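Here you go, one structure.
Each chain gets a letter, A, B, C and D, in the order it is written, and its residues are counted from 1.
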C-alpha cells in the first residue's frame, strides 16, 4: 500500500506532469483564466487521464503484446484517448451544459494534451501492475488538477494587479507558472523511485 | 464662519506602511549583528549590495513606467526584501549573488505584478530560490561560526571584501578550506548514510540545541519576532501555526524513532525556521488575508518545511514551502471567508 | 439591580483614545436660551410633519408648532416662546449628511414663557393613547438614529429584552455619560415605563466600563427603584460596541439577521436620553424641547455638555461655550468616527445632534495620500460586521456588483474602524459610502429589468392572442362558407328566377 | 501487417460501441444556459443587437453564434458579466449598433401628435397609451429607452429625455 502512495505522490507532486515534466502546458495556460472553468477542466482532464491510463494499460497487456504488434502502441493509445475524450464530452454536455459551454473547445483539446498520452506511454514502458498504472494516472490527474486550480486562483488575483502593458495576459500567466514550477522543484529527491 | 469639509472618519490613522516596514528592520537588527559577530562581515557586504541593487532596480522600474518614485522608495519594503535575502544566502558569496537575487526579487517577483501590494509571491523567497537553483555551488559555500575553540580559518574584512568583489583569495587560503557544511546538511547526509542522530550531534559544529552560532542568531530572531508581535506589526496566527505545523510532526516522528529523526528543538533553532515564521511567512502581501486562512497558511508552510527537510533533496525547505503556500493563497482565501454578521 | 459583565468578546472593533476628559470636567450647563430657533419639520426617520402655526404668530414654550400624522413620526414643539418669523427651506444636518428641508424660524423674545399648566394632556391609561401621546410629545431616539419612539414601542414582534443603551463608545461624545451621572433616577424610571409599555420580560441597561460614576449612579437609582429584574451590563471600552447590532450580539449572543432590524426580532434598543425624555413626558407632561449636546474639541474655549433647546443655531451654542479658540480646522457634528464635517455654523441643532467637535488641525486626519493595499488583513480583523474590507474595496473600485453583494456591502455599518487601522491610509469608508449609492442604483435597475421582462412577456402573449383571434375568425368564416354552400347556392338561383319572372311580366304588360 | 490492422479495427469498433451505449444511457440534462444568460442582459427588448428581443439574443449567445458585445443598453458592464459567466475574453463594446440606454425615456410632444396610434403596437412593454385620433403619452416609469417607437412616428414628435428629468 505504501508503495502505491509513493506512486501517487510521485506523479502528483515530485515529478508533477505540468510543472516538472512540462507536459500538458497548452490547456494549463489556456483553461486557467477563471477558477470555475479551471476546476471543470481539471475534473474533465482527470477523468480522461485515469480512464485512459487504465484502458491503455489493458489494451497494451491484452491486445498489443499477445499479438506482438507493440509498434502500434502509439496508434492504439490515441484511439483510446480519443474515446475517453468523447466520453467526457458527452458527460459534460449532458450533466452540466454551462461547463460544456465555458470549456467549449478545450474538452476536445484534451485529446491533444501531451500529459494524457504521456501517462499512457509511461505506464506501458515502466513495468507496473494494473493497480499501479491506475494510481499513476490518478496521481497525474491530481497533480494536473491541483496545479491548474492554483494557477487559476493566482491569475484571477493577477487581474487586479496593475501589470505593465507588455506583460499583461498570457505573459504574466507564464511568469506565474514559472515561479510555481520553481516552488515545485522543492519536491525533487522526495521519492526515490 | 466657514470650514473645509472632509469625508469619512476624522480620526487620524494609527498605522502606516513605512512604520511597519521600519519596525521589521529594527526587529532584524540584533540578529544581523549576531550574524556578523559569528560569521564575519559576509552578511554585511551581501546586505549592502542587495539593498543598493534593490533600491536601484525599484527606482529604475518605476521611472521606466513613469510612476512617482519618492513614495514607493521611502516605504523601504525593498530594504526588508534585501535584508531577508541576505539572511538566506551564505556569507561567503560573490557580490553578483546578492545583486542578482535582489534584482530577481524586486523586478520579477514584485514590479512585474505592479509593485508593493500586488505581488503574488514573497519577493525575497523568489530571489533566493532562483539563486538556489541556478547557482547551487555558490549557495552552499557556508562557513563555520567563529567560536573560540574552533580552529577554522577565517577571512579578515578586507580579504572578505576582495574575495566577494574579485573572487581573489589570499595566497595560502583555498575556498574549500574555508567552507563547512551547515548543521542541516550534516544531519541530512548523516541520516541518509545510516548514522544515528546522536552520533551526528556529537560533531564539533553542534552546540546546545542546534548548530553553534546559529542558535544565537535564531534566538535573536525570535526576540525580534516577539517585538513585532508585541507592537502588533504581525499577528500571532501565522508564526504560531507555522511552528506548530513544523514541530508537531517533528516531535511525533522523533518520539517514534529518535535515531532516524532530528529533535524538534534542532528543527526550531536551525536553518530558517524562526526567520521564516516571524519575518518571511508574515509578509502581508503574499499571505492569506482572513484569520482562519492564516492558520491554514502557517500550518501548511511548517508541515511542508518539515517534509522537505526530512525527505526532500534540499537541506532547508522553508523557501520552497513559502512559495508553495503563496500559490495556494488565492484558493485558501476563497474558501476561508469569515461568516458575515447576520448572515448564515 | 444586578451588575454583571457579559462573557462574550465583541467582534472586531478598536480601542480608541476617548478625548472625553475636557467635556466631562464640569456638570451639564443648563438654562441656555437662544435668540432664534430653526425647527426642521423632519427631525426623525419617517414622513415630515405639517406646520400648524402661521408667520407672525406668537408661540409659547412647549407649544406644538408642527403636528405628526402617522405613528411613524414625531411632533415638533417650540423650545422657547417667541414669534414665528418665517417657514422656509434651510440647510439642516440630518443623520448622514446636510440636506435642505422646510423649517419654522422663530425669533425668541427672551421671556421663555411656558404654556399655562393645564394645557399639557395627562398621561392616558390605554396603551394605544400612550403611544399617540409619545408621538405628540415629539419623542425620538436620541442616540443618533432619530427613529420615532412611538413606532418602536408600538405592537409588533413581542419584545424579549429592552436594552437601554448608555454605551457611548465613540470618542469625544459624552452627553449620555453626563446625563447618566446627573439623572440616573429619571433614566431608570423612563426605562421602567417603556418596559411596562412593551411588557418586556427583561430590561438591561448597558454602560461602558470607562464610566464608573455613571455606573455608580445607575446602580444607586436601580436599587432605589426596587425592581429586581433590572440588570446593568458593563461593556468593554471597544468602539463600536455601542451600535445596536453589536450591542445585541454582545448582550444576548444572538445575531440580528442582515435583512431585519433588532426590534423585528424582539430586541428594542433605546438610548438613555430617550428614556429620560419619556420620563419627562410621563411625569411632567413636558414634550422633547431640549437635549444634552457635547461641545468638545481643542478649538472650543470651554468644552462642556450643554442642555440645548432643539433648533438652537450652532453658532449661538458655540458662543455660549466661549466661542472658538485658535484656528478651527473642521466643525464636526457627531463623534470623530461617524460624525461628518459641517460647511458652516449657521445650521440648527436637531433632535439627533449629540455632539459638536470644533477640531483643531492636530486632532483630525490631514494627509489623504493613499498607497496600494498591502493585504495586511488588519481591516478584516477590526471590522465589527466580520466583512473583508480589502475585498470590498477591490469589488467597489471594479464596480462588480455581484461581488459586492457576495462580500456583504449592505452589512457595512460605516463605523470607520477599517479606515483608522489601514496602514496604507485608504479612505475605505468613503469608498463604501459611494459604492452603496452605485449599488442601490444597480439593484433598482435589476428590479426594473425584471419588470420589463414581465411586461414584454405579457405584450407578446397579448399579440399572440390577437393573431390567434384573427385566425379563429378566418376559420370560422371559412367554416360557415363551406357548410351552408348548397343553401346559398339555392338562394342565389331563387333570386335569379324571381328576376327573370319579373322581367317576363314587364314584357307581357307592354 | 494484417494482424495489426485487424487489432486496430477491432479496438476502434469496441470503443465506438461503448460510446454509443453511454450516449443512450446518460440522461439529457436540462439546458438552462440561455435563461441564465438572459438574466444577465438588461432585457429592455430594444433589438439593437440584431435579434428580435433579449431572449433570442441570449439563445444565440448560449449557442455560441452571437458575440457578447452587441448590447448597447448593457454597455461595458453587461459585456463583462457575460464574459465572466461564459468564461470568454472581454471584448470591446460594438458601438455602431445603436445607443439605447436605460437612463433615457421617450416623451411625446403633445403639440405635434396626430393620434395615428402607430407607436402603441410597436412598444415592447406597452408604455405608450392612447387610441386613434387622441393625443398619446408615454408612461415614463415603464419606458425603457429602447428607441423603437422613434422610427414609427410619422410626424417625428417623440424625443428622448434623461430619465429623472
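The rule is short, and it goes like this: contacts are C-beta pairs under 8 Å (C-beta built on N, C-alpha and C of every residue); 3 or more make two chains touch, one makes a residue touch a chain.
These numbers were taken from a predicted model, which means no experiment stands behind them.
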Item to check | Chain whose Cα centroid lies at the greatest distance from that of chain C | outcome: A
Item to check | Chain pair showing more contacts of the two, A-D and C-D | outcome: A-D
Next on the checklist: If I average the Cα coordinates per chain and compare with the overall Cα mean, which chain comes out closest?
Outcome noted: C
Checklist entry - With chain centres defined as C-alpha means, what is the inter-centre distance between chain A and chain D in Å? => result 38
Checklist entry - When the C-alpha atoms of chain C and chain D are each averaged to a single point, how far apart are the two points in Å? => result 41
Checklist entry - For chain A and chain B, what's the span in angstrom between their mean Cα positions? => result 34
Item to check | Length of the line joining the C-alpha centres of chain B and chain C, rounded to whole Å | outcome: 52
Checklist entry - Do you know which chain B residues sit against two or more other chains? => result 114-115, 118
Item to check | Contacts with 2+ other chains: residues of chain D | outcome: none
Checklist entry - If each protein chain is taken as a node and each touching pair as an edge, is the resulting graph a line, ring, star, complete or other? => result ring
Next on the checklist: If we use the touch criterion from the header, which chain pairs count as touching?
Outcome noted: A-B, A-D, B-C, C-D
Item to check | Residues of chain D that touch chain A when the two form their complex | outcome: 3-4, 7-8, 10-12, 15-16, 18-19, 22-23, 26-33, 36, 62, 64, 84, 86-87
Checklist outcome for this item: In their shared complex, chain D is touched by residues of chain C numbered 399-400, 402, 445, 448-450, 452-453, 455-456, 458-459, 463
Checklist entry - Within the complex, which stretch of chain A touches chain B? => result 35, 149-151, 153-154, 156-158, 160-164, 167, 172, 175-176, 179-180, 182-191
Checklist entry - Where on chain A is chain D touching in the complex? => result 33-34, 36-37, 59, 63-64, 67, 69, 71-72, 75-76, 79-80, 82-83, 86-87, 90-91, 93-98, 101-104
Next on the checklist: So in the complex, the part of chain D that touches chain C is made up of which residues?
Outcome noted: 38, 41-45, 53-54, 77, 80-81, 102, 121, 123-127, 142, 144
